[in-house]
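First chain written, first letter: the chains are A, B and C, and each begins at residue 1.
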Amino acid sequence: MLQAVALHCSRGERRLFTDLNVKVERGSLLAVVGENGSGKTSLLRIFSSLLPPEQGSVLWEGQDIQQLKELYSAELTYIGHLNAIKDDLTPLENLMSAMSLTGESCSHNGAKEALEAIGLKRPIHHLPSKVLSQGQKRRVALARLWLSTRPLWLLDEPFTSLDTAATGVVTQRLHTHLQRGGLAVVVTHQEVALPAETIQRLRLTG
Amino acid sequence: MSGSNMWEAVSGIVRRDLLLAMRRRSDAAMSVFFLVIVVSLFPLGVGPEPAVLRIIGPGVLWVAALLACLLSLGRVFTADYLDGVLEQMVLIPQPLAILVVGKILAHWLISGLPVVLLSPLLGLQFGLSGEPLGVLVMSLLLGTPTLSMIGAIGAALVLGVRGSGLLVALLVLPLYVPILIFGAGAVTSSMAGIGGEANLSLLGACLVLSLFLAPWATAAALRIALE
Amino acid sequence: MSTGINWLKYSSPQAFYPLAGRLIPWFACVAVALMGIGLYMGFFVAPTDFQQGEAYRIIFVHVPAAWMSMFLYVVMAVWAGIGMGLNARLSFMMAQAIAPTGAMFTFLALLTGAMWGKPTWGAWWVWDARLTSELILLFQYAGVMLLRTSIDDMRRADRASAVFALVGVVNVPIIYFSVQWWNTLHQGASVSMATGSKMASTMLTAMLLMTVAFWLYSIAVILARARCIMIERESLPVWDEKAAVIQEAVEAR
């Protein structure tokens, strides 16, 4: 269970949100919505422990993530607004080095299957990523979700530049994750097509 | 959190950085080329007198090595910062400082080691030979990893800051002073016939000290940069 | 790194601001008085040095300034360290307030060193171990201040310059040692300045007076600067000396 307790956040002079309390149970998804600049990404970064909260705390299974440190990192998969892929590496190399970085090493075949699952055909696997389109790059980043064994997923605008087919595939993947008892926080301005009982919406007003 | 996982993450990052350097060979070649040019400019500036060149040689070579290292610092973290890989690095289930060691090692292999390998050749241009030449190589071998480590702190501090290229030089160059003194001093004292061992030991001490402190400072600076 | 500490409680600017305001005039007055006595003793009472003549008298400014420059760097690093450890904003403000004063004393030490060097060594600048380390110390102060001004986000600027100040404090003794080593290698032991043993007691008194005066001056200036920084950062109305007004302003935010 992921819980935010009395979070305050301001960037520079601007106060983004104050006294924010939210609870995400296993098997459910928190969709964070709101206007641009309302602090959605900041909230996700606080959840990921990249950004220490000014006040308040984030609890994972009842423990403060600031104390858990690396133990908490071992529980989450974070896909930020940046794709974290190298233009000079192929999609396959990108995916495999991303997985070895997080310590969930995967086999060559496993990585290929993940890329195929998100709709990247074999010939593309060996092209340098710089020739890919924005949507294809986003798919390479999201392919990690098929290999992730972590219970907590933090996704920042995962559907940006994806086509309808890919959006559907990723939504399906999220659904499977939730059914297995995982939980997710998704920043999005789109509707997530998941059963209503699994979705909790949080609107930031800025 | 086991040791093998930690090793895997570090070796993974070193392999990835070396692979990237292989894909962009010109980047790595540039700092070496810079070194050769800077070193070649000095005889043109001060005149071809062999006795003069021999006196200024160690200093010139060391200053050039320092500048070459400085020039390549922008590459340590900037690309990873811009494409989001750095965020992923901070979020790995291992201590960030360990990963930083991997990044620094890769940086040294790409931009420090070529300088060391090239130095005998450049030393010959300045009339160094025999023992002083050996001491020069040795001093660079011990000193350039320290330059990479101190440089990494500076590179992490200025991530995403305007005018970062110049700023990193202003931050890091004063910190390089002891390395420059010990490094060039080793060669000079070897030429004077008193042997470079004392200076080399001091360089070794600096290397050990920075190995203990620099990764932590760099990790702290990276976290600050990503907040 | 935040552990939920409410900085208002711990470093309490409401208490600090008026307290500093009350202390500044005292420190400033005593500093000026001591500086007057110290300079009088140094320039008129202390005997003429039989080797260096009258020129040596600049050391009554030079030595205390050099001491303060190093001392203030350490103090700045300590505040930076406390700031990093406790996430206390007041500590970062203090570190920020100290840097310019430290740099000023470093510059003063270099300037007076050069003024002393000309008649004594016959050159404005000598690569003496102390002068060289002082020069590098000036670069480090410049680095801390430049890093701060280059970063727009206040929180990041605080923490990044704190890390650099802490790295620098490890480096300062190494630099000093290395420069001394380098110096002996190149030109033999450098000319040493007035040594304690042969100093007349009036000289010692004058120098100590000047040191205390500089120290009090630093406190006064740093506190005044910290107050300015506080107003600037908290974007509060210029705080009245009355605690109630400040309390109100803080609560209103």
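Basically, a contact is a pair of C-beta atoms (placed from the backbone, for glycine too) under 8 Å apart; a residue touches a chain by one contact, two chains touch by 3 or more.
Computed from a predicted structure; not experimentally measured.
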Centroid comparison with subunit B (C-alpha atoms), farthest chain: A
Most central chain, Cα average position: B
Subunit A and subunit C, separation of their C-alpha mean positions in angstrom: 47
Distance between the centres, which are taken as Cα means, of subunit B and subunit A, whole angstrom: 36
Rounded Å distance between subunit B and subunit C, as computed from the means of their C-alpha atoms: 32
Two or more partner chains touched - positions in subunit A: 52
Shared interface positions of subunit C, touching two or more other chains: none
In subunit B, residues with contacts to at least two other chains: 227
Touching residues (chain side subunit B, partner subunit C) in the complex: 153, 157-158, 161-164, 167, 170-171, 173-175, 177-178, 181-182, 185, 188-189, 202, 206, 213, 217, 220-221, 224-225, 227
Subunit B-touching residues of subunit C, taken from the complex the two chains share: 84, 136, 139-140, 142-143, 146-147, 150-151, 155-156, 159-160, 163-164, 166-168, 170-171, 174-175, 177-179, 181-182, 185
Footprint of subunit A on subunit B - complex, ascending: 1, 5, 8-9, 12-13, 15-16, 19-20, 23-24, 79, 82-85, 87-95, 226-227
In the complex, subunit A residues that touch subunit B: 48-52, 70-71, 73-74, 76, 78, 80-89, 93, 97-98, 100-103, 105, 128
